[in-house]
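When the chains are written out, they are named A, B, C and D in that same order, and each has its own residue count from 1.
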Amino acid sequence: MAIDNDTLVRLYRTMLTIRRFEQRASKEYKKGSVPGLVHSYIGQEAVAVGVCANLRKDDRIVSNHRGHGHLIAKGADVRRMMAEIYGKKTGYCKGKGGSMHIADFGIGILGANGIVAAGLPIATGAALAAHLEGKNRITVVFFGDGACQEGEFQESLNLASIWKLPIIFACENNMYGVNTAATYAIAGGDIPRRAAAYDMPVKSVDGNDIEAVYETAKEVVTEVRAGKGPYFVEFKTYRWHAHFEADTIPDLRPVEEIEAWKKKCPIVRLEQRLLKAGILTGQGIKKIDTQVMAMIEEAVTYAVESPLPAPEDALADIYSA
Amino acid sequence: MAIDNDTLVRLYRTMLTIRRFEQRASKEYKKGSVPGLVHSYIGQEAVAVGVCANLRKDDRIVSNHRGHGHLIAKGADVRRMMAEIYGKKTGYCKGKGGSMHIADFGIGILGANGIVAAGLPIATGAALAAHLEGKNRITVVFFGDGACQEGEFQESLNLASIWKLPIIFACENNMYGVNTAATYAIAGGDIPRRAAAYDMPVKSVDGNDIEAVYETAKEVVTEVRAGKGPYFVEFKTYRWHAHFEADTIPDLRPVEEIEAWKKKCPIVRLEQRLLKAGILTGQGIKKIDTQVMAMIEEAVTYAVESPLPAPEDALADIYSA
Amino acid sequence: MRKIAYAQAALEALQEEFRRDDRIVHMSTDIPIELREEFGEERVRVTPISESVMVGAAIGLAGSGYRAIADIRMATFGFVAMDQMVNQAAKITYMFGGQAKFPILIRMSIGAGMSMAAQHSISPYSMYMNIPGLKIILPATAYDIKGLLKSAIRDNNPVISFEHSTLAPLIGEVPEEEYTVPFGRADIKKEGTDVTVVALSRMVHEALAVAEEVAKQGISVEVIDPRTLVPLDRETIGNSVSKTGRLVVVDEACQTCSAASEIISLIVEDDNIFRRLKAPPKRVCGLDVPIPYSPPMERYVIPSRERISAAVRQVCHS
Amino acid sequence: MRKIAYAQAALEALQEEFRRDDRIVHMSTDIPIELREEFGEERVRVTPISESVMVGAAIGLAGSGYRAIADIRMATFGFVAMDQMVNQAAKITYMFGGQAKFPILIRMSIGAGMSMAAQHSISPYSMYMNIPGLKIILPATAYDIKGLLKSAIRDNNPVISFEHSTLAPLIGEVPEEEYTVPFGRADIKKEGTDVTVVALSRMVHEALAVAEEVAKQGISVEVIDPRTLVPLDRETIGNSVSKTGRLVVVDEACQTCSAASEIISLIVEDDNIFRRLKAPPKRVCGLDVPIPYSPPMERYVIPSRERISAAVRQVCHS
């Protein structure tokens, strides 16, 4: 059955929000207003949005170093996200975490993670909690093709499988870990096959087709919520920017490849679909973009105007009371 | 083609040597003449013997905590092995390693290992060395079903596969890691399937049938030596003793299961075959056993009569010159 | 008072806390039979041999409202899970700005003395002390392990308990009635006036034996067991050294960058205590050697009563 | 003399040694372009993101007659490979009774200062110092990194090189002609008479700046860079402290159980030096906090010139 129009528009708006957020974060980073590292999610928006649109507020997600999109899709406040990236006191982590460590436990965001694959064991534990709670909550962990190369990946799939935990392993296969091709680094190059060996159902879907992602996620979420155990889904996609915004690592991927993928922009694809189906007019599209841009602008203003943490704030939050 | 008689007799003698060695080590351990931990290989002899009989002296093996059998099969000197287990200066490691850390680099034994799965990455490196040397040497790493649960297992299979390294992953599936059943701890319970996901050929064979093990190993060794890349072989077998000789961990495996497997003794099986085929007479069998027993007795005498290391010897060998 | 073994006292701590709070979950590669029988397999879980996901799962559980216990067994196995302990458990509270609590207890057994060689014998607590965000306990008696484990389970932070393999059978007084031992409170195991001996884990018992022995030679030793390394009770140690003017730290761990090094630095950095020092402080530690298998060598590398009493006599007579 | 960047000097060391010995193999998750182009993909290998097997493979290579280099990049990533470094590389020579050599170089970048937060900023060398069997180098200048890496590659043991992320662009004098820097030989970066400042890694440069500054106030600082932590040149440090009677150790790493703690303990344990101490020794270290992201907090937790000079002035005036 088709996705209703309101949903399609909502998906469009969220993808656009991520796109605009990332474009701005990138711009500000290059201007030097943002410190540290910023890993851009541009090009992969459909994955986070299509998956999270099927989650409840009390479902949990665990993200990775390329996490902005996951967080926005799960409902994070772009103001507090931007403030965190700016290193401000009003940020989600009071400026202690930055771009790679944003979390919002209040809406089930158990945090981004700077260590490749390290989120998988943690997500597995969160899924165990959900299993014990018995409230049909599920956990989704987002990670890349590179994460499939770490031992923690296999240990997590194995444990989730033998304990039949309510978790979705959402692999964003954007074909590279930094400059290393998944086809080189992953024996056989077939990630779902690797996951299937842990005795769980797997799917592979075009991660740049928001409708396919949404439909697949819907189905998978229903299965997992029903207590049928873990599920592995590969989303084939591509990142448009270099590994991160800093130019310390050159982008060695073929230019033609990058250009080809830009033509498969998930947002443009949905936009054309919405126009063709007359669900939105050019006007409507513009209106949404204006609203989104305003929201991002407001987030930046909020971040810029927020105070920096005091140096001594560094001494708080090492331990919980 | 069948295995020639001399080879069969040689296989029999080596299996018996391991059996007698382990029976004696166990006896001495329970008497208190041996310190530390001793993990008995009794019941699994056919695996080490059938595999190593197909190796060249300059091929390399990496062993694990249950390693005595692997070492004897690769040609280690039982005198120096026993001396090491006794903690004597004349032992393979001068008394520094003990039962779990015996090595003989002179004959390609890169050492036993006390950390589950830790031998796999090391063996992968040894296989890389062989690949670079270009002398058609191969590496065999022995490990258990429990090792398949560690992240290092997957990382090693993946790397060996993408680099097409000359290595045989020899998994001794004795159905348990301490008291935890492989069927419980390994999702799906199918280890070869897991290995196949790393894009390498796999086989599974009755590890208590020395002829099957030998034939399989012969074929696999030929493939790997020919430079066709890694191979994974599962040997289905069983350990007769508890996890280790100390009684600090109870053996929780079903008694009937243990008894049933004892009936599948690899040594008795070959013995009957040799008798039936008239390759050996009862006399001949006895003769071999007498010789083997004498050899073990001599090893024990050597160990007993060897001096303990001086306390200060502890300060040597921390670094190489 | 009733006397029970160190291992039994530890088990009692878990049993009591499990009864008290049904949101506690236990994970280990072994089957902890008593726990399993009383609390069932949902709460008492056997993991595959996958320490990394065991600890990671403990973090995920804790971040989701549970209290997680991960029993790693040998501390050497813990290195397999080091990323989850160091990069994750220790830092996650801080990186997220304190928005969530992570009540996690990780147990590891340490020490030499059983001829288990270098891959099964290590006392690595100082490595973890260098990582802010972890609390570290080092129980040396049956009484202390029960009280400290109970506090650890109730603590809202990652706590690592390092328990010496040889202490398991050690019998000690443990009251019937419930009690806890607070963190950051050192225990003066024996009062004395001439020299302060700070001893860690199993070395507490060695230090007490030496104290008795040198008492015959007229040396009065004060034996202090910090019991928790993070937080560390500087005050009790500092006051004792101010009183005695002499300090010996006995630590089975390898000497370089040991907890002993830290304790000595904390003491000598303090102007008031430094001025009162009558002799240079001394460390009696494990030699910087991987633990050898053969008993004569193993005995040689860990602190012996001879080395301890020699150090005590030396600081008293220099 | 010609001046080149720290990172360039490191690259030269690898290139020269690769030319000198064709049994050297390099592994990392990245493509080290210059090396790859000159020496080809057989010797310069890109690994999957699998640090454990990267280090394990280095051990296997080394045990089979090769010299292996594993570049882990961030020291935080190293915790994923901790089992191979601590349980295997460090102990394997010893456990096997010295029958094989394991020439391995593991490189990791350390330190804070780039707002990369706790999972990409750490200075964990003291953790590794507690593990016998490893050698540890800590190059602070272009000259030292080239000479030390060359020695490390020729060494027949596992060597870990900890290189501060912020030093990569630092320009320094590096001779055209070949040279090596031996292990265990500290470098007196500046002579002085009033106080000995032992500084580690990036802190060497901060200490030198402070030395200049306090010189104006008439304080003569001797700045010593140990350059290698294992082996550590106690003699040079000891002689300097015997001369000055005052010691400050500056170490960016978290203070608890740091290399600074070790250096202070070694000094005060020595009877002759202890007697010559005019003031309590001081540590100026990173605060015991996971490295925060936001610049004001990050600057606050790592040793500043203000904290260093305050400590120097304090020990000189107490």
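For this structure, a couple of remarks:
Quick note on the criterion: a residue touches a chain if its C-beta (ideal position, glycine included) is under 8 Å from a C-beta of that chain, and two chains touch if they have at least 3 such contacts.
Here the structure is a predicted model, which is why all the values come from computation and not from measurement.
Most remote chain with respect to chain C, judged by CA-atom centres, is A.
One inter-chain figure worth recording: chain B and chain C are separated by 37 Å, centre to centre, where each centre is the mean of the chain's CA atoms.
The geometric centre of chain A is 46 Å away from that of chain B, both derived from CA atoms. Rounded to whole angstrom, the centroid-to-centroid distance between chain C and chain D, based on C-alpha atoms, equals 29 Å. Within chain D, contacts with two or more other chains are made by residues 47-48, 50, 52, 76, 80, 83, 87, 94-95, 117-119, 132-133, 288-290, 292.
Those residues of chain A in touch with two or more other chains are numbered 93, 95-97, 101, 113-115, 149-152, 155, 158, 162, 184-186, 318. If each chain is drawn as a node and touching chains are joined, the picture has every node linked to every other.
Within the complex formed with chain D, the residues of chain C that make contact are 76, 79-80, 82-83, 85-87, 90-91, 94-95, 117-119, 124, 126-127, 129-133, 230, 253-254, 256-262, 264-265, 268-271, 274, 279-283, 288-290, 292, 318. Those residues of chain A that touch chain B in the complex are listed here as 149-155, 157-158, 161-162, 184-188, 190, 193-194, 196-200. Residues of chain C that touch chain A in their complex: 25, 42-43, 45, 47-48, 50, 52-53, 55-66, 68, 83-84, 87-88, 92-102, 132-133, 135, 156-157. By the touch criterion given at the top, residues 29-31, 46-50, 52, 76-77, 80, 114-120, 287-290, 292-301 of chain D touch chain A in their complex.
If you check the complex, the residues on chain A that touch chain C are 60, 62, 91-97, 101, 103-106, 110-111, 113-115, 118, 120-130, 132-133, 139, 151-152, 155-156, 158-159, 162-163, 316-321.
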